[in-house]
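Letters are used for the chains, namely A, B, C, D and E, taken in the order the chains are written, and counting of residues starts over at 1 for each.
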Amino acid sequence: MSSWQIIQQSLPLFEKGFVLTLWLSFLGIIGSIIVGLICSLLKYFRVPVLSQIAAVYVEISRNTPLLVQLFFLYYAFPVFGFKLNAELCGIIGLIFLGGSYMAEGFNGGFDGVAKTQVETGKAIGLSRIQLARYVVFPQGFTLSVPALAANIIFLIKETSIFTVIAIPELTNTALDLIGMYYRSNEYLLVLVIGYAIILIPLSIILTLLEKRVRYGAFGN
Amino acid sequence: MAHSGINVLFEGRNLIRLFGGLWTTVEIAAVALVLGLILGVILGVLRTFPNRLLRLVLRLYLEFFRIVPTVVLLFLFYYILPKQLGVNMPANQVATLVFALWTAAEMSDIVRGALISVPKHQRESGMAIGLNRLQLYRYVLIPQAVSLELPATINLVTRVIKTTSLLMLISVMDVINVGQQVVEANNQKYPTGVFWVYGIIFVMYFAIDYPLSWWAKRMDKKRLERANG
Amino acid sequence: MAKQVIKVEHLEKYYQKDHILHDINFSIDQGEVVALLGPSGSGKSTLIRCLNGLEPYQNGTVTFNGDQVVPTEKNWQKLRQKIGMVFQSYDLFPNLTVLDNILLGPVKVQKQSRETAKAAAEKLLDQVGLREYENVYPRQLSGGQKQRIAIVRALALNPELMLFDEVTASLDPEMVRGVLNIISKLAQDSDMTMIVVTHEMNFAQQIADRVLFLEDGKILEQTKGDQFFKQPQTDRAKEFLESMDF
Amino acid sequence: SGCGSNSKSSKSASQSSNNPSTVQQIKKRGTIRIAVFGDLPPYGWVNKQGQRVGYDLTLARQIAKDLKVKPKFVQVNANNRVDALNSNKVDLVLANFTVTPQRKQVIDFASPYMKVSVGVVSPKSKAITKASQLQGKNLIVTKGTTAENYFTSKQTGVNLLKFDSKTQQFNALKNNRGVALADDNSYLYAWVKDQPKYTVGIKSIGPKQYIAPAVKKGNKSLLDWTNKDIKKLNNNGFFEKDYNSQLKPYFGKEVKPSDIVIK
Amino acid sequence: MAKQVIKVEHLEKYYQKDHILHDINFSIDQGEVVALLGPSGSGKSTLIRCLNGLEPYQNGTVTFNGDQVVPTEKNWQKLRQKIGMVFQSYDLFPNLTVLDNILLGPVKVQKQSRETAKAAAEKLLDQVGLREYENVYPRQLSGGQKQRIAIVRALALNPELMLFDEVTASLDPEMVRGVLNIISKLAQDSDMTMIVVTHEMNFAQQIADRVLFLEDGKILEQTKGDQFFKQPQTDRAKEFLESMDF
């Protein structure tokens, strides 16, 4: 069979993988942003106990590989009777990982707000909450957009690791087809294109968004 | 039950083997990092040159490694390269190569970013005393870029180390692959062994990466403090 | 006798081990304009930042309108509505329009209605000649314009005391005059109590009722304005004044 | 599904590189690189001393000995076996490699040394005994195995969970991620012996198949040599010995040597 | 007649569409000190940056020591050894000690031996009173000290022409005098040819043999130093001079 036929025949399967990759990424990213935001708010407002817990979580999550986190969730936890299906493990794993990256992204933005801006806010009598609401958050979110955008791309790529827990996303689909039909060239080509279709436009959009948001807040 | 499971680690040579696997991981990461960081610095410098074609090529190189997930890169290099180009390398070397090229791509961007954020007047002062381009990079820009880029570089290092966990997918006897062997070989005696084996691997990665992240963060904080006066 | 607005007694300030301010004592009456002069690094900024709680101090007391300040963040936050401050870097919020910059304090902190506050703000904008810029963003203003808006923003809270920290230091020389004019007018026409840190000696001479001369964190002399510039009491102050004009 | 199952040839896979795996080359090099499993007791696995052992490993060492070279083992997963040959990572595959028509198109198999067919293991409490019970349920397989191939093409109503390694698939079964697990029946026998809660409910499904050494397509030199060696080993009773030492301890009573070894 | 060091003819400079410099013509003889004055944004920095090739220009010629400059990066790089420049921001290399900052040019560019260069550097350091700081890093110096070192670094190459771009603009007022003194001494004692951009009118008056007054990228007037400050020829220059003192 010609390479083109091989590719054509595999497309329906890849399409399923593609959709799954997108869907899992989407949920993972939304979840990560929520978790990250919560952690970074806990830190910003120095909520006792909870902020320390969040800090520990961030360090554990950032300094261990997703693959090992997934192995734990998927293979090790059920030993103690805590069992989730693969997709759920994948999403939880991705959120567990992504939450800390997003938290760092938000923190970086909040920390990046110029000290003079914070002091100016204080000087006109803003309370801590008002300072956050009118000065630190609006500017901090803008500053954190580039880091968040990089994290989004990173998390989408990380879904390729879901292959180890038998989630039929893009990478899993390709590796599986290779194992059955041995046409690695063709399948890997489709795989790379699959990721390119998601990531190239996304990265362009995110860059534009960065510029717009930045212009909106700082005018440059 | 759980505390009996932990003994799986002390059965036979299991623990030593796990550390052996870790050593393989670290070795690959270390060699790849040394090569990748050096290459990355060179490419990063080239990316600040005015030549458009050169910049385009290097940009494409970066984007390729940015867009393709590492798992896929590993398979690409492991299967396609030898077949198409007739080069044949054992898995460890393929892995080292992939990680080195990936590191170089990411590093080139870090270096470029640091170089262009060295204040413009530093570059101009260098030119004003008659330094040529090479001298300008050698004495003025690169030394200053290094301190700017160090935290990002350390973070890249931790990412590379974490990502070595994917080596298990291409027949490298890394710590996770050894872990799987241990799990399989001790399955019946230690049903909860899987928890402890993956547990210790988790701890191993954390033990390597955490000090590095901590260091990077501390430097970043210092830099911020300095910037804020 | 005029009412005493602020009184500082035995104030001591450390940064970690560094002793920055040594036993600072002075008081200011309502309507008085005090110029705080001294060489770079002498502690001028640090001192006025202590006066509105932006810096904690380790010892001594600040008394505002007769009440000794219990230095908690909450108390300071309330007091800051009565103490306006303008910094060197024209520090408008880039994410808000000129008007919103000005209204933030009156509306959100003092809970004035937006209409009342706006009317007051526009009057102030008229005074600094920038009424037509109320709906633009700070990025569209020049440095001198930004600094005038920053002054308006502080005034909008109707403070009883204004602190100015080298408000013209980062302006182009040609822009300086406009900003200083505003402050001069404020000092002369209104009954505003002010502490002004500046390196513009001509300006200081023109507005200061009294000069506090600071060196190495100590008040070396407190002298009436006219007298300080004619014959300062200390040699150090003399030397300082000489170095300021080339 | 079923795509590519009737593919005619896969020349591209073997064409391009010249062959470094001839008998002559191997002898010259002094080592033979053999692909084996690392997590599949009792065929190819690593014991707790860290030694590679198992039925395939004993054979591998014997072949190296007959070639008078040292063996060098490369651990593979099921779905890497073809590519390991084609990308010249190894000279020979001895990793429980089942002979199938598709595989024959991309690599060359030597004479078989074991019989096998796909079996299905499930918990005794909810034993699966007929393929029809699997309809619409999750069945665990490893990527690139004959079990996967069989269910993909012949039992399309079954929902497959596909793993990379044997460790992962057995773990998944124990975590009840599927109702059953399909793989070569020979491993399943071994596995259930130590897992009394499980049973090989379907002993054999699909066609009878054979396990054989594999070489890169067109590597006639090594193929011929291997065929000769297998014949010799068969004649001197090597495989029975191998069975007795490596497999017998792992199998229950229901398995006889003749179920596995080719006479 | 004195030798002509630099001559600029019909120089035009654009940033993309913006026309920044319009038909600039002037020449400077050896030993002459020219003050380049003008409001902010008039193009002073741009002009002197064109004179050592840091900015490309679109039209016109620069002639140095009688040879018209062919404006390639290579040619400029060689010429820059003969044209010293000091910027507003004290731009020492933070990664090198004071001495290494000074020696970089002589040793690496001019290939002098380190010993010779060091001896010369130390003499210059003595002149600016900073000999004892030769082994410290720039961060340990005050702004004024840094700027003096930056001047030494430019002088170490033995340039025939020195360009100063607002070298005191980011200094504390008390630090300004030291730096200006160095430049005055250089102008008076040595035979150095210099172009000085500054906002310090007293200083300009004291050193300038001639003033070039720039506005909107055009030279509005070229006048002898004493005369410019007493009675400038154009109204714009008069207005400018008035705005500069409060």
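One rule holds for everything that comes next: a contact is a pair of C-beta atoms (placed from the backbone, for glycine too) under 8 Å apart; a residue touches a chain by one contact, two chains touch by 3 or more.
Note that the structure is a prediction, hence the values are computed from the model and not measured.
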item: Shortest walk length in steps over touching chains, chain A through to chain D; value: 1
item: Centroid comparison with chain A (C-alpha atoms), farthest chain; value: E
item: Chain whose mean Cα position lies farthest from chain C; value: D
item: Rounded Å distance between chain B and chain D, as computed from the means of their C-alpha atoms; value: 35
item: Approximate Å spacing (C-alpha centroids) for the pair chain A, chain C; value: 46
item: Whole-Å gap separating chain C and chain D, where each centre is the average of the chain's CA atoms; value: 83
item: Of all residues in chain C, the ones touching two or more other chains; value: none
item: Per-residue overlap in chain B, given as positions that touch at least 2 other chains; value: 79-80, 83-84, 169, 191, 194
item: Shared interface positions of chain A, touching two or more other chains; value: 75, 79, 163-164, 175, 178, 184-185
item: Chain-to-chain touches, reported pairwise for every pair that qualifies; value: A-B, A-C, A-D, B-D, B-E, C-E
item: Chain A-touching residues of chain C, taken from the complex the two chains share; value: 52-54, 73, 77-78, 80-81, 83-85, 87, 89, 91, 93-96, 104-105, 108-110, 137-140, 150, 153-154, 157
item: List of chain A residues in touch with chain D within their complex; value: 1, 3, 6, 9-10, 13, 74-75, 78-79, 83, 85-86, 163-166, 168, 172, 175-185
item: Residue ranges of chain D in contact with chain A within the complex; value: 1, 3-5, 7-8, 10, 12-13, 78-80, 82-83, 86, 102-103, 106, 140, 143-145, 148-149, 152, 161-164, 168, 171-172, 174-177
item: Residues of chain A touching chain B in the complex; value: 59-60, 62-69, 71-72, 75-77, 79-80, 111-112, 114-115, 153, 157-158, 160-161, 163-164, 171, 174-175, 178, 184-185, 188, 191-192, 195-196, 199-200, 203
item: Footprint of chain B on chain D - complex, ascending; value: 13, 16-18, 20, 38-41, 45-50, 74-77, 80, 83-84, 86-89, 164-168, 170-171, 174, 194-195
